[in-house]
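What follows is subunit A paired twice: with subunit B in the first complex and subunit C in the second.
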Partner chain A sequence: MSVDTAAIVVLEIVNSITILVLLALGLALIFGMMRIVNLAQGEFFTAGAFTVLSAVRFGHLPLWAGMLLAPVVVAGIGIVIERLIIRRLYGRPLDVMLATWGVSILLIGLITVIFGAVTQGIPFALGNFQVGRYSYPEYRIVMTTVAAGLMLGVSLLFRYTAFGRRARATIANPEMASAAGINTPRMFMLTFGLGAGLAGAAGAIMAPIVGVVPTMGALYIARAFITVVVGGPVVLVGTLSSASALGFIEALISRFSLFQIETAGHCAPPPCAINIGGSAFFGQIALLIFAILLLRLLPQGISGFWRQRR
Partner chain B sequence: MRRVWSSTETLAALLLLLPLLAVPWAFKPYAANVLAVYMIYGILALSLTLIWGYAGIMSFGQTAFFGIGAYAYGAIGLNWINRTQQTHAALVGGLVAAALLAAVVGYFMFYGRISDVYASIITLALTLVLFAFAVSTGGDEWVIGVARFGGFNGMFGQGESSQNIANFQIPPVTVWLPGMAEPFQFKINRESAAGYFLVLGASVLVYVVVRWLLRVRLGRVAIGIRENEARVASLGYDTRFYKFALFTIAGAIAGLAGILFAAWGRFVNPDRFGLGFASSTVVYVLLGGRTSLLGGFVGAAIIGYLTSYLAEIVPFATIPGDATPWMRFLMEAGRRIVREAPLLVQGAVLVGIVLALEDGVTPPLSRLLTRYRRWAWWVLLPVVVLYFAHRVACLQADWCLF
Partner chain C sequence: MRRPLNRREFLRTAAAVGGAAAAPALLKLRPAWAQGKKVPVGSLLDKTGGINIYGLPAIAGTEFAVAEINAKGGLLGKQLELIQYDTQSDIANFPKFAKKLILEDQVAVIHGGITSASRESFRPVIDEYKQLYFYNIIYEGGVCDKYVFVTGETPTQQMGPIAKYALKKYGTKAYTVAADYNFGHISWKWWDIFWRNGGGLEPVAGKKGQHVGKVEFIPLDVTDFNATINRIQEAKPDVLMSFLVGGAHINFYRQFAAAGLKNKIPIVSTTFGFGNEHIVLDAKEVEGLVACYPYFDELDNAQNRTFKAGMKKKMGDPNYYIGDAGAESYNGWHFWAKGVQKAGSFEREAVTKALESGIEWDSPMGRVKMDPASHHTVFTMHLAAVNNKRGWNVIESFPNIPPTETMQLCDLIKNPNQHTQFQPK
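And then the complex of A and B:
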C-alpha cells in the first residue's frame, strides 16, 4: 500500500470515528447520567439539521450562525419534552423508552407537517484538498475538529464547573444531593437539555453533507445506540473508545470488503458476478455484527470492562 | 382442578368469532380483505405480547422476523410455484428463516446476559440494518432464481414467456396435497374467502398455542422471570434458556404473520423493516394491553380503522382562489396534518398510554364484560347475532328490513 492510500484510509477511519462520536455523545450523556434510553434522540438530530435549513433558507443567516443556533433551539425542545413528559416517568426505564419513542414519532410527524416529506440540501462552500493521488473533502476536517471540541467541552463542563459538580452529585445520589441543597429536578432537566443540544449540534454539523429529510434521524439512531451500548457506563471514555473501535471496523470494511461471487445462470447479461461489499452499507453491517460479538464478550461494554478490571 | 376456560371467555370467544365467521357473507370482499390484514398484524402483535407482556423482554425487532418470514416465503414461493404448483416449501422456509434469525439473535442477547434495555436496542438496530439491507437490493445482482429483491420497489418474480420478460407476483398460499385433484389457492376476492379463513384460522391457532405455552413449564418460568429473574435463577432454572426459547418461538410466530402478509398482499417491500412498522406493532400491543393475548388484535383493529378512516377524510377540495391568506394557511395546515395523521396518532397514543392508561383497552373491556356478563349473554350476544344474520340475509338474498 502506498503512502497516500494509507493516509486516505487513516483519514476515513478518523471520519468514521468522528461521525460516531457526534451521533453518540448526547445519547451517551443522557443514558450514562440519567439511565434514560432516549429514542427521540434521532429526531433531536433531525431538528438540529432543520434549524440550520430554516435559518439559512428562510432567515437568510450565514451557515455558521445557523449551526450555532441549532443546539440552542434543540436544547429548548429537549427541556420542554423533559418538563412535559419524561419528568413524570423517572424510575420507569421501559416506560420512558416507549414515551420517547412516541415523542420521536410525533416529532417526525410535526416536522413533516411543517417542512414536507422532501429531501433538501444545504449548500456550502468548502472544497477538497489533495492527498497524493486522492482528493479529500475539507469539511470532514472541520467535523473532526468540532467533535473533538464538543468532547473536550463536555469533559471540562462536568469536571470543573459548579453545574458539572452538581449534576454529577445528582446522578451519584439524588436524595443526598437534594438534601445538600441541590435542585435535583432542575439538574435532570438541564442534563437532558444538554444531551438534546448535543444531538442538535451533531445534526447541524452533519446537515450539509447529508440529505435533510424528516426521517433522517432513523438512519443514524441505530449506529448511535450501538456505539453507546458498546461504550458502556462511563460517558466520555466509553463513547470515545467504542466509537474508535467501531469506526475503525466500519471504515476498513467499507473500503476493503469488495468480493466478487460468480453466480450460475438466471441473470443477464451472461458474465454474472455479484459485487458484495465495498459500500458504506457493508461497513454498517460489519459494525452491527462486531458490536453484537463484542457485547457477547463484554456485556458491560468497553468502559464497564475496564472498570471491573481495576 | 383450576378452571381453564371461564364462561366469560366463552362469551368473548362467541362475540368475536361468530361475527368474524360471518364477515365474508355479511359484507363486501373489501371488509374481509381489510380484516385479514388486521388479524395478520394482530398475530405479529401477539408474538410481541408473548415475550414482552409475559417474559418482560421488550423487542422492537418483531418486525424483523416478520419481514424475514415474508421475504423468505416470497423468494421460495416465486421459484417453486411454477414447478410444483404449491407453496409448502415456502411456508416451511419462511417459518424456519424467521425462527433461525430469532434463535441467533436470541442466543447472543440472552447467553451474553445483555440487560433488558440493551436487548431492546439491539433488536431495534437489527430491524434498521435489515431495512438498509432490503433497500440496497435494487440492483440486477440481487436475484434468487426468478425472484428479484427489487430494493424499494419490493419483491417480484421475473421470468421469460415467449421471449418477453414477464413480471409476476408472490403467490398466495397454495396447497396441493396428495389426494387433491388440483392445487387450492387461498385467495380473498369476489368468489372466494378462503384466504380470509386461512388468516382467521391461523389467528385462532396461534392464540390457542400461545395460551397453552403459557400454562406449561416454559410459560410459567417466563412469567417468573418477568416478576423476578434473580429469584427464578436461584431456584435452579436456567433463565437464559427460557428467554432464548421463548424469543425463538415468538420469532417464528412473527415469521408466520410475515408469510401470511406476503401471501395476502402478494407483495413485500422494505417498509416491513422500517421504523414506522416497528413502532405501529408496539403501539398495537400497548393500546390493546400488553398483558392480554387478545390485546394485539384489538389494538391492530383500532389503529387500523382509525388510520384508514383518517386517510379517507383527507380534504380533496381545492382551495378557492378568493380565500384570504389566513384561510389558505389554515386549510393547507389542516390538509398536511390529516396527511400525516397516522404518524401523529401513533405518537400520541404511545405517549398518552404510557402517561395515562397503562393497561391498554382490553383489560378494562374484559372487566366490563365479566361484570355485566348476564346482560352480555342475554342482550349483547343476541343483538350481535341478529345483526349479522340480517346482514347476511340482506346481502345474499336481498331480505333487507332497513
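And then the complex of A and C:
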C-alpha cells in the first residue's frame, strides 16, 4: 500500500469514528448516564439540522452562526420535553420509551408541517486538500475537531465544575444528593437538556454533508444506540472507545475486500466474483456484527469490562 | 321451553339469512364505477420518506392530470375520484394498499409505484386480480405484463445516448455507483452492454468495446460516501455513472464536490434530476452533470407552456420545477384517459385493446406513442447538462427513441398471458 493510500485510510477511519462520536455523545448522557431510552434522540439531531437550515435560509445568518444556535435551540426543546413529559416518568423505563417514541413522531410531524417533507440542502464553501493522489474535503477535518472539542468539553464539565459534580451525584444517588441539598429535578432537567443540545450540535455539524429531511433522524438513531450500548457504563470513555472500535472496523471493511466469491451471471469484465468487504454495505454489516460480538463477549460493554478488570 | 324449528321454518330462515348475506357480495361483483356518477381511480406514491423526492413531483403531476380531466367533463360523462395512499417509502405498504384499492375502493385503474423494488412487490397483486396498472417512472426496463403499461423511460432510451456521448467526450474508462436493489443491479448490467457496444444494444462489427469496469452498489440508507469517493479517486475513471436513488444518496453529489472532484471526474446519470436533485443541490456542486430524459421544464412547446403555467399555479410557486417524474405521471393518466375514451369503457380488456391500437398524442414532452406490443412508450429523448440556474441545458435531442431492449423480447399481442420481467443475461 502506498503512503497516500495509507494516509487516506487513516482519514477514513478518523471520519467514521468522528461520525459515531457525534451521533452518540448526546445519547451517552441521556441513555448512558440517566438510563432514559430516548427514542426521540434522532429527532433532536434532525432539529439541529433544521435550525441551521432556518438560520441560513430565513435568518440569512452565516453558516457558523446557525451552527452555534442549533445546540441552544435543541437544548431548549429538550428541556421543555423533560419538564412536560420525561419528568413524570422517571423510574418507569418502558413508559419513557413509549412516551419518547410519541415525542419522536410528534417532532417529525411538526417539522414536516413547518418545512415540508422535501429533502433540502445546505451548501458550504470550504475547500479540499491534496493527499498524494487523493483530494480530501477540509470540512471532514472541521467535523473531527468539533467532535473532539465537544467530547473534551463534556468531560471537563462533568469532572471539574460544580454543575458536573452535582449532576453526577444526582444520577448516582438521587435521594442522597437531594438530602445533601442538591436540586435534583433541576439537575435531571439540565443533563437532559445538555444531551439534547449535543444531539442538536451533531445535527448542525452534519447538516452540510447530508440531506436535511424531517425523517433523517431514523437513519442515525440505531448507530447512536449501538455505540452507547457497546460503550458501557463509563459514559464518556466508553463512548469514545466503542466509537473508535466500531468506526475502525466499519471504515476498514468499507475499504478493503476480504475475499472473493466466484458467481455465475453478468459481470464486467468476467469472470464473475462478488467481493466480500470493500463497500459501504459490508462496512455497515461489519459494524453490526462486531457490535453483537462485543456485547456477547463483554456484556457490560467495553468500559464495563475495564471496570471489572480493575 | 323453546319450540324446535321444523324443517320448513328452518329452510325459510336459512334462505333469508343466506340471501341477506349474499346480496352485498353479489353487488360487489359489479364494480362501483359501473353504476355511480363517479369513477374511483387509485394512486400509490411515496409522499413521505426517502423516496419522496420522486413521490412529491409525481403526486403533483397526478393530481394535476386528474383535475384537468375532470375540469373537461371527466371521462365518458363521469368524474374521476382520485384515491391516493401514501406508501411512505416502505415496500410493505404497496401490496397492502394495492389490495385495498382493488377490493375495497374498486378502482378502475392504479397508477404509481416508484422504486422497482416496490413495483415488483405489488405486481403479483396486479396480476392476481387482473388489474389495469400504469407505471409512470424511469426504470431498468424489461417488464412484460399484459396488465401493465409503462410511461417511463428504459435503458435504451437513456443509456444509449449517454454512452455515445460519454465515450466520445470523456473516454472509455468508467466507474459506476448504483443503488443496491434490483434497479441498480439490472441497470448496471444494461449499462455494461451499452458501454461495450458504443451506445447500442448489439456489438458493432469489427469494433470491440471495453467492459464498463468497476461498480459499487450502495444501500439506500447510506449517507456517508467518504470511502466510495476515495475509491473512485483511486480508479481514476474518465467518467462516473450514477444509478443512485433517493434522498440519502443526494449527499453523494455534495460530498463528491466537497472532495474537489466535480471538475476532475465528470458524472453522467440515469437517475439524477428526476427527483429534482438539481434544485436541492447547489449549481457549484453539480453544474455540468449530464442526464437524459424525455422531459425537462425547459422544453419549449405549446403543451408544455400550458402544463408549466398550470402546475405553477397549483403548487403556488412561480419557481416550481416539475421535472421528469411529474411529467411522466401526468402523461400516464392522460394515456389511460385516451384509452378509456377510445374504448368507450372503463373495463380493463377494452381499455387495453384501445391502448394496443397504438395511441399517440402531443404531451408536454412532445409527441409520445404507446408501443402496442410491449406496452412501453416511445419518446423523443433529450441529453442535457445541469446549468447554473437550477435548470438544464439541452445538448442534443434524439427523436422517437423506442424502448428497444424491452420491445425485442416482449410481444404482448402474440403472448397475452405474459407477466414477467426480462433481464440482460
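Here is the rule we use: the second predicted complex is superposed on the first by the 288 of 310 C-alpha atoms of A that agree within 3 Å, B and C clash if a C-alpha of one lies under 4 Å from a C-alpha of the other, contacts with A are read in each partner's own complex, and residues count from 1 in each chain.
Note that a contact is a pair of C-beta atoms (placed from the backbone, for glycine too) under 8 Å apart; a residue touches a chain by one contact, two chains touch by 3 or more.
Note that the coordinates shown come from a computational prediction; the quantities given were computed from them, not determined experimentally.
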Three-chain arrangement built on subunit A, subunit B and subunit C clash or fit: clash
First (subunit B), second (subunit C), both or neither touched by A:284: both
Contacts of A:104 with subunit B and subunit C, given as first, second, both or neither: first
First, second, both or neither for A:112, with subunit B first and subunit C second: both
Partner chain in contact with A:128 - subunit B first, subunit C second, else both or neither: second
First, second, both or neither for A:19, with subunit B first and subunit C second: second
Which of subunit B and subunit C A:140 touches, first, second, both or neither: second
Contacts of A:295 with subunit B and subunit C, given as first, second, both or neither: first
Selected from 45-53, 117-125 or 333-341: the stretch of subunit C that, after superposition, runs into subunit B: 117-125
Interface residues of subunit A shared between complexes with subunit B and subunit C: 112, 215, 219, 266, 268, 279, 281, 284
Subunit B-touching residues of subunit A, taken from the complex the two chains share: 37, 39, 85, 88-89, 93-95, 97-99, 101-110, 112-113, 116, 215, 218-219, 221-222, 225-226, 229, 263, 266-268, 272-275, 279, 281, 284-285, 288, 291-293, 295-297, 299
Touching residues on subunit A, where the partner in the complex is subunit C: 5, 8, 12, 15-16, 19, 112, 117-121, 123-124, 126-128, 133-137, 139-140, 208-211, 213, 215, 219, 251, 254-255, 266, 268-269, 278-281, 283-284
Contact set on subunit C toward subunit A in their complex: 47-50, 52-53, 56, 180, 189, 192, 195-196, 211-213, 215-219, 221-228, 230-231, 233-234, 236, 247-248, 250-251, 254-255, 258-261, 264, 280-282, 284-285, 424-425
Subunit A-touching residues of subunit B, taken from the complex the two chains share: 58, 105, 108, 111-118, 120-122, 124-126, 128-129, 132-133, 136, 140-143, 145-146, 274-275, 279, 282, 286, 333, 336-337, 339-340, 343-344, 346-352, 354-355
